[in-house]
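Per-chain numbering from 1; labels A, B, C and D assigned in written order.
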Amino acid sequence: MQIGLIGLGKMGGNMRERIRRAGHTVVGYDRNPDVSDVGTLNELVERLEGPRVVWVMVPAGAPTQSVINELAGLLSAGDTVVDGGNSRWSDDEKHAKELGIKGIGFVDAGVSGGVWGLENGYALMVGGDKEHVERLQPIFDALKPEGPYGYVHAGKVGSGHFSKMVHNGIEYAMMQAYAEGWELLEKVDSVENVREVFRSWQEGTVIRSWLLDLAVNALDEDEHLEKLRGFAEDSGEGRWTVEAAIGHAVPLPAITASLFARFASRQDDSPQMKMIAALRNQFGGHAVESAEE
Amino acid sequence: MQIGLIGLGKMGGNMRERIRRAGHTVVGYDRNPDVSDVGTLNELVERLEGPRVVWVMVPAGAPTQSVINELAGLLSAGDTVVDGGNSRWSDDEKHAKELGIKGIGFVDAGVSGGVWGLENGYALMVGGDKEHVERLQPIFDALKPEGPYGYVHAGKVGSGHFSKMVHNGIEYAMMQAYAEGWELLEKVDSVENVREVFRSWQEGTVIRSWLLDLAVNALDEDEHLEKLRGFAEDSGEGRWTVEAAIGHAVPLPAITASLFARFASRQDDSPQMKMIAALRNQFGGHAVESAEE
Amino acid sequence: MQIGLIGLGKMGGNMRERIRRAGHTVVGYDRNPDVSDVGTLNELVERLEGPRVVWVMVPAGAPTQSVINELAGLLSAGDTVVDGGNSRWSDDEKHAKELGIKGIGFVDAGVSGGVWGLENGYALMVGGDKEHVERLQPIFDALKPEGPYGYVHAGKVGSGHFSKMVHNGIEYAMMQAYAEGWELLEKVDSVENVREVFRSWQEGTVIRSWLLDLAVNALDEDEHLEKLRGFAEDSGEGRWTVEAAIGHAVPLPAITASLFARFASRQDDSPQMKMIAALRNQFGGHAVESAEE
Amino acid sequence: MQIGLIGLGKMGGNMRERIRRAGHTVVGYDRNPDVSDVGTLNELVERLEGPRVVWVMVPAGAPTQSVINELAGLLSAGDTVVDGGNSRWSDDEKHAKELGIKGIGFVDAGVSGGVWGLENGYALMVGGDKEHVERLQPIFDALKPEGPYGYVHAGKVGSGHFSKMVHNGIEYAMMQAYAEGWELLEKVDSVENVREVFRSWQEGTVIRSWLLDLAVNALDEDEHLEKLRGFAEDSGEGRWTVEAAIGHAVPLPAITASLFARFASRQDDSPQMKMIAALRNQFGGHAVESAEE
């Protein structure tokens, strides 16, 4: 089938390639003319036969909103738009309404896979009405990994991004779990081969996982991670997960601890710990003693 | 080779079977005569040719200490004892010394695998002197999973149990990660197929793992886990992990949060939340209003 | 001076009384005619001489928005509106703009004091332009406690509610601190007089505070808090504090832990702990053993 | 009455002074001859009439154990020893037994007050048998603050130090609460006078406390705490509080978060966050993009 694909960065570019390998026609657009198949969004729309399907793969927030706005003007009733970017789930219903007024369908798709997706396939979590989702099925089948897993129609509009967001929240806490264990093992004299401990866990243990495999790869490149700073960005989805949990009164202690650890990792000095130091100073005297008080 | 195996419960019994399948001779002892190969520890020791190797697989703490004490009297210089139970790492050095006085070697082995171990193999994390560990290698090879992983000589005496303990700490936080994500997904109306979302994650995602596969199994048996109480025991190793972290001044927020969630799950009512309720009552008036104050 | 006061619930009613005791004229309006001085908002506005000052003391969200909308229609340029309710700080700028279009000033005031405020005074955290805040000064002086503290012009519009929100976040964690300590003391056999330990802390310790005094009051009424359920509502400001922290990438582990403890206290059974139980079941066998695996 | 006092550091020296001001006789011993009243422990014991009372005020652990050992040799049946240092509660029962064999009584006393104690009095939490505690009452009365609070006989041997330890755990979380709130307020543009917000909270709020007063003092000296590093030691009692909680399966999320924040504050770089960075690198490609994956 035919599909328009807007946004040909690292993710979008590889997805175009994977869809084409499956035998479909992709008309790609990117602001960067070096990678773009067409010069304008308008041209992209004209190159597609109706009912058209257009996949949006641009950064969440303003860039996605801007493309949705343009598509609302260019597309026709019966066409379908997929937002495959990292949009906040709460944007999806808004976008569905804006397009729905013109009779244009909307599907949200959380996409996981990173640099491994081109070869291994992309896990897809999809939200939207059945009729819109079904239209996209050949594309989803092209993108997803082989085998029975890696694709789900999670529910209504927004559920795709929501599921992907929760996936990322889980990912934060799993990464934190391995990281905490690694730091503790590195601190203990009796454990002489932390890297080999991690490697051994890849079979027969309860904690074997793809992330563990990646940890072993990382330790093979740099056994004590001496080349790295303990500094971690967060991409927004961890924050949204905690916000969603707060909205639903769900306690999320491990995921939130993982998010906060990232926040702290980015501070040169911790203002809150300055206040702790100041308070200890106040009640302990200027030459703070070894005793708390 | 020959090995004595003390403790033939669910773990020990299956381990005897797996070692025998690999062609070794196992003399097993258990207080339960129905499963025991010999009537007494003394008989077990006499059935083995020197230098003897005896694997202890009994509950941590007093039962293990008691067996170590008995073996110290029964074994001879040049023999080797392996503690494969869930002993606290800090017991290992003590046991190594007690046996070392008599010239008996000591190896500690953290064993992972549960009910899956008989068929899939047991992951082994081993601590001790090279000469003692090497003597056991054929047994370790019999127990471990096939393939390159699942076995490590982690370091000195204690490092095997320490590594296994950290493994369990990581496991706590990974389980908590999936559990938090699952609860949040279940709370949101737009996500109609939480079980299928979990199932889809088994391929192409960052969070695919054996624990995720188990979660899908559990949801296939009971989609909304309605048959279960939200009640989780802890086996001691999570506690020890946090204690070890405190001893080394390592922050362990996600693992500790996971441990505390288990503690809270076992309380019929929370004393600390009674105090919170009491305080709100005190400053808000007896008919507590919707406003905090 | 003259002031209109909208919302005569437990907080608003007492505030009217305290302002009157200071010699000012208060025209109060409430939907409940038994406590209201006037029949309609319109009448309230007509009873005040210009430039008018109207204090809004109704629940946050829709009720406050509705009153603001009405006042925008009834008031005139040069009048001033104070929102003293528990509004989210992010609403303040919106309200300031809506009123500002008509030349009406806006001040946000976080008010603390609860049932104790009538006699002891209300702590006030105020945000807004200097000219609007100054007009209100006699009212702020009437409401605040005697002495040098209890009042601050925190900054721009929104800063009053933001400061009050952070106050409540701190309050959550302080209450949690005492509650955790109390539960631990109650668990230990050697400590025979937990209530008296708390009482003793009221002087000479680092942790003496008004909340501690309230805790002692509560324990005097019910030494082991047996009449209470461990169940705590949250009023929104704790949630907003965490949301604000997430927005600014500030780690807030203690305050967030306190919020999550309240969430958990309201669950009859914990879905996430069901998942933990399910996972332990899966890898431990149906008759879960004492060992983790 | 007469009392021997061993350890005349900042705490012990001021306590000697306060006891003397109350009209009692103190024979003080310190290794530092400049502050010591006697040359040896032996001389101290000889200077006291029986039944003797000796207060030990030296660092917890080995120093305290060493003094207890010496006193066991020097004192007689009917004498009483008080350990007023920061000993771990679990040492108390051991010390009580060691002394009890000789008929010497033992009392443990948690002492709070820091540099403010000389003038304001020291809060005392005392554990031990009634007969031993009563003998000390005049000294406790001399040390404690005036008024009805500041002293408690908490229960059996160990309960004094346990109560003081929990006091410190609560203190950790209260300090963390203010510190988190302060950092958040400092981050927000609309709040222009964070120090004045803190100052205003000293009256009429739910969170007024002595620690808040100290925070205001600190901000008066250095409004944005620019002269301090965000670096906080911990004195052991926070760690013991968490260990005790783990032993009793009590969840302690806020206190533990506060302890972990201190641990993290002392790390130049965070090993665990290196692992997070490494994992993100592995699945995101070497030029990590803004998107999580």
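In this text, a residue touches a chain if its C-beta (ideal position, glycine included) is under 8 Å from a C-beta of that chain, and two chains touch if they have at least 3 such contacts.
Since the model is a prediction, treat every value here as computed from it, not as a measurement.
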Practice problem: State which chains count as neighbours of chain A and simultaneously of chain D. | Solution: B, C
Quiz item: Where are there more C-beta contacts: B-D or C-D?
Solution: C-D
Quiz prompt | Chain separated most widely from chain D, comparing mean CA positions | solution = A
Exercise. With over half of the numbers shared counting as same, classify the chain B/chain C interface as same or different.
Key: same
Quiz item: With chain centres defined as C-alpha means, what is the inter-centre distance between chain B and chain D in Å?
Solution: 36
Exercise. Compute the distance, rounded to whole Å, between the mean C-alpha positions of chain B and chain C.
Key: 46
Practice problem: Return the distance between the CA-based centres of chain C and chain D, expressed in whole Å. | Solution: 33
Quiz item: Can you list the residues of chain A that touch 2 or more other chains?
Solution: 112-114, 168, 171, 176, 178, 180, 183, 206, 211, 234, 250-253, 257, 260-261, 264, 272, 283, 293
Quiz item: In their complex, what parts of chain A are in touch with chain C?
Solution: 206, 234, 239, 242-243, 246-247, 249-253, 256-257, 259-261, 263-264, 266, 272, 283, 293
Practice problem: Give every residue of chain A touching chain B within the complex, in rising order. | Solution: 89, 112-114, 117, 120-125, 127, 144-145, 147-159, 162-163, 166-174, 176-178, 180-181, 183-185, 187-193, 196-197, 199-212, 241, 244-245, 248, 250-255, 257-258, 260-261
Quiz prompt | Complex contact set, residues of chain B against chain C | solution = 9-11, 59, 86, 111-116, 168, 171, 175-176, 178-180, 182-183, 186, 211, 214-215, 217-219, 222, 225, 228-238, 253, 257, 261-262, 264-265, 267, 269-285, 288-293
